[in-house]
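Each of the next two complexes has chain A plus one other chain: chain B in the first, chain C in the second.
== the complex of A and B ==
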């Protein structure tokens, strides 16, 4: 079965090559490419199915099944184990790329000729990556003749619904960045602008960015529940790698708006289109291949690393080389008024670009230092936590004045009445901030951020309502989509500020029947019992949590996964409307303490769920915008 | 002339690729450019209980020097496996770019395996030690010379196969 998949994958490579050289033929190139692509999609699906078949049937003679599966693993995690390792992830990536290409040829708004040229570029990307899969990360290899009888098991950290769904959703977003890249390459190659390119690309990139946001949220939610630390973002290189394309996408969405509405900053937006794809390549491959996981494993597999660098080099240098020679002839520069919506978008581009650069620099800093022989360090959360909130501030302020700006910058759309409204808003939000957080001199920046973000939310919603009455019907959905995305962003920032200031956390020894109090909640440990799971055993503690007459029984666990003997905390979380109560079991008290008990990490985290909910709202806004644009073109 | 303005993205990308390519060539496992085989750098720092600690604290004992941080979740996993105490060997902790409250909370929760813990808030000592990232563990002999260094978490296998044999060899058979 697996050989069938292997064979299908080789055919897929040939089909991709055929699509890449199809323009050499006479006749209807696009139709030829489409029919080849359909077959390529089917081949890649077959390849995935053949691997799944191996996972489901415990065929441990297949190297990836041996590395990531086990008899005790339940069937759904055996399916998700496909992307538990590098090889399967690359296969998934390529399959998704073929899916996006298929959707693009059938639903893209571009003319046949443009579409066919873009298909050629996309096929070239597929060729490179499929070759990478087959020659350096082949998932179809068997361990023969001495096939193992038992597998190594999927990393227990990945045995969680959040982590199981996180990679495919993330990749689904990543891969779509190939579309604007292809468009940029085609325009540069021809030295001619495709009419309305920005508008035609926007729905695609909105989809991609929204999906990517959901993927990142899932990852963050997983880290929160599974790592037992109560943090939701660690500024780890792996996380940063997913954040970089996200910033790229956000840049692109706003840059394309600028290019579409004002024909301004097109040179810049084209560059962003290329860089966003390079970043998503960097994100996927550097992380999954173990190159960026931590600086430690950098040279884990030099052969693979050379391939990855080669691919980034070919696609990146190719496109940027074209860019450097041809872009100056492509667009006429067009100045924009600074005090206009276009000016605001320019500011947005600048700030987002600096944020992107900050994260990139922080992630690569250890490597840079090392290159110049300045020693070896790793950059942790402190750096990012200091820099990023400051960088966020201009974005928040920009959103605050957005409703007052129109496209041309002819006038401030502000009247005396609105100044009075503004005064009322200012005072009421100050009061709200005071109620939510009080004044914490140590957290001045967070308080200020919260205040501005709350104002921004009210202003955005108010602006949305005004637009609702003023705009014609087909624009109303677009306007609400933007409002939702902006409110989502502001709400996320506000939640982050609230959580970081108000969270209370305590590491304590809970003894049997001795109550402990944190933030108005009483915690009583009542005993523990052994548990047996499918592929783990462990202990769970019974802890009663009481607050104002409410009472909950919670069972935080410590699990030892059998095959790998990995010891993990399984947290218990009580979700309240405005806060979470988070319990993670540490170590049992030793016998000399003479009483049964556990060390427990107890946290009360207000508004932590707001971070994810508002981030999802942001994704909903993006999706709605993409959808409304498609509707607009269809009618 | 016009084109030259637009060449910087390409230049930056090529720079990035050279940089990444360059780091492939540095063999991080090979302990070069680290302190292995060299005397431990001279230091004088306060530990968690505000007692001054100098290099003399390492003399005459075999030391396992553990570098970690509370913000590092690989460390979290490593610590969940615990640290084995070997008679005649002292564990010393160094918290890398971290704050005292975090570290105290961490040690209270997970138990404190260390003879003493140093705060390396700015990463200066880690810099001298050639620490690449956290967690890392160094083995230091009785004359305060660094004899081995392990990057990344010490899994039970690594502990059994690499660390323990080396520790035993340097302790001499009469101790264990």
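== the complex of A and C ==
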């Protein structure tokens, strides 16, 4: 069965090559490419199915199955184990790329000729990555003749619904950045602009960016529950790797709006389109090549690193080379009024670009330093925590004045009544901020951020309501989509400010029946018992949490996963409407302490769920925007 | 044309000042938040020890000791030099003797190390960079 998958994958490579050279053929190139692509998709699906078949049937002679599966593993984790390792992830990446390409040829708005040219570029990308799969990270290899009888098990950290769904969703977003890249390459190669390119690309990027946001949320939620540190973002290079394309996508969404509505900043947006795709390749490279000394890096093989670096080099240098030589002839420059919506978007582009550069610098600096033998350093979270909030501020302020701006900057849309409303808003939000957080002199910036974000949320919603009455029906959905996404972003920032200031945490030794108090909650340890799972055993502690007459019984666990003997803390989290109570077990106290007990990490985290909920709202806004644009084109 | 050029010049000036400010801020912040990674031998060889650093090594066998509550002490070794580490807090789940860990903190005058953070890698075969494997071969990642 696995040989069938291997064979299918080789055919897929040939089909991709055929699509790349299809323009040489006289005739209906697009129809040919489409039929080839459909077959390629089926071949790649077959390849995935053959691997899944191996996982489901415990065929440990397949190296990938041996490395990531085990008899004890439940069937759904055996399915998700496909992307538990590097090889399967690349297969997933290529399969998703073929899926996006298929959707693009059938539902894209471009003319046949443009579409076929873009298909050629996309096929070239597919060729490179499929070759990478087959030649340097082949998932179809068998261990013969001495096939193992038992597998190594899936990394226990990945045996979690959040992490099981995280990679495919993330990749689904990453891969779609190939579309604007292809469009940019085609325009540069021909030296001719595709009419209305920005508007035609926008729905695709909105989809990709929204899905990517969901993927990042899932990763953050997983880290919160599984790593036992109680944080939701660690500025770990692997997390940053997913954030870089996300910033690229956000830049592209706003840049394309500028290019579509004002024909401004097109040169810049084209550059962003190229860079966004390079960043998603870089994201894949950073995580899977083992170049990072990071808590997340599961694979370590320099050979692969050279391959991916080569791919990034070819696709990156190729496109950027084209860009540098041909872009100047492509677009006419158009001035933009600074105090207009277009000017606001320019500011947005500048700030987002600097944020991207900040994350990129912090992530790559240690790698570059090490590459040139200048020592080994790490960039700590304080760097990001110092710079990013400051950079956020202009974005928040921009969202605050957004409703007052129109595209040309001809008039300031605000009337005197709205200034009075603004005064009321200012005072009421000041009071709300005071109620939520108070004034913390040490956290002045966070308090200010919260205040501005809250104001922005109200202004955005109010603006949405005004637009609802003013716009024609077909634009109403788009307007609400933008409002939702902006409210989501502002709410996320507000939640981040709240949770980072108000969180209380403690690492302490809980002794039997001796109460411990944190943030008004009393914690009592009442003993522990052994537990047995289907592929782990361990201990769970019984901890009673009391607060104002409420009382919860919690069972944080320490698990030892059988095949790998890996030791994990399984957290217990009480979810309250406005805060979480987070319990993670450390180690049992030793005899010297004379009393039974555990060291425990206890955290009370207000509004931490707001971060994910509002980020999801942002993704919903993006999806709605993509959907409404498709509807607009269909009608 | 003149208007366009002036507009461009203005944009350029605005952009360079903004980017320059941002870059300056970044580099300043980066300088303050870099921590150097060393092994115990490298640390002993350092003439000028930075205020905070990352120390990587293996937790020596039979060296782990719980002092009181969440205060612990263990010895970090790279088979040539060893350093006693003190830490107050919850150790990562993967922490055990013989495991490779990275501790962040500061070297004290008496030669011991006070850690503010302990990281154990998720991979049980993991060795911190620059450390020999147990079979004596150099680690792949150190190249």
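We adopt the following convention: the second predicted complex is superposed on the first by the 620 of 635 C-alpha atoms of A that agree within 3 Å, B and C clash if a C-alpha of one lies under 4 Å from a C-alpha of the other, contacts with A are read in each partner's own complex, and residues count from 1 in each chain.
One rule holds in what follows: contacts are C-beta pairs under 8 Å (C-beta built on N, C-alpha and C of every residue); 3 or more make two chains touch, one makes a residue touch a chain.
Everything numeric here is computed off the predicted structure, so don't read it as measured data.
Enquirer: Consider chain A as the common anchor and indicate whether chain B and chain C clash or fit when overlaid.
Expert: Clash: chain B and chain C overlap once superposed on chain A.
Enquirer: Could you say whether A:271 touches chain B, chain C, both of them, or neither, answering first, second, both or neither?
Expert: A:271: touches chain B, not chain C.
Enquirer: Answer with first, second, both or neither: which of chain B and chain C does A:54 touch in the superposed model?
Expert: neither
Enquirer: In the superposed arrangement, which partner chain does A:228 touch: chain B (first), chain C (second), both, or neither?
Expert: The answer is both, since A:228 touches chain B and chain C.
Enquirer: First (chain B), second (chain C), both or neither: which does A:464 touch?
Expert: A:464 contacts neither chain B nor chain C.
Enquirer: A:335 in the overlay: touching chain B, chain C, both, or neither? Say first, second, both or neither.
Expert: Second partner only, chain C.
Enquirer: According to the stated criteria, A:568 is in contact with first (chain B), second (chain C), both, or neither; which is it?
Expert: both
Enquirer: I'd like to know which partner A:599 touches here: chain B for first, chain C for second, both or neither.
Expert: both
Enquirer: Of the two partner chains, chain B (first) and chain C (second), which one does A:180 touch, if any: first, second, both, or neither?
Expert: Neither partner.
Enquirer: Of the partners chain B and chain C, which touch A:382 in the superposed model: first, second, both, neither?
Expert: Touch status of A:382: both partners.
Enquirer: Return the residues of chain A at which the contacts from chain B and from chain C coincide.
Expert: The answer is residues 157, 228, 295-296, 298, 302, 375-378, 380, 382, 507, 565-569, 586-587, 599, 601 of chain A.
Enquirer: In the complex, go through chain C and note every residue touching chain A.
Expert: On the chain C side, the touching residues are 3-4, 7-8, 15, 18-19, 22, 25-26, 29-30, 32-38, 54, 66, 68-70, 88-94, 96, 104, 119, 121-124, 128-130, 140-141, 143.
Enquirer: List the residues on chain A that touch chain B in their complex, please.
Expert: So the residues of chain A in touch with chain B come to 157, 223, 227-229, 234, 236, 267, 271, 274-275, 278, 291, 294-299, 302, 305-306, 309, 312-313, 316-317, 320-321, 323-325, 327-328, 364, 366-368, 370-371, 373, 375-378, 380-382, 505, 507, 565-569, 586-587, 599, 601.
Enquirer: Show me the residue ranges of chain A that touch chain C in the complex, using the header's touch definition.
Expert: It is residues 155, 157, 228, 290, 293, 295-296, 298, 300, 302, 333, 335, 350, 354, 357-358, 361-362, 365, 375-380, 382-383, 386-387, 390-391, 507-509, 558, 564-569, 584, 586-587, 589-590, 592-593, 599-601 of chain A that touch chain C.
Enquirer: Taking the touch rule as given, give the residues of chain B at its contact with chain A in the complex, in rising order.
Expert: 2-3, 5-7, 9-10, 13-14, 16-17, 19-24, 26-29, 33, 69, 71-74, 76-77, 80-81, 97, 105-106, 108-111, 123, 126-127, 130-134, 151-152, 156
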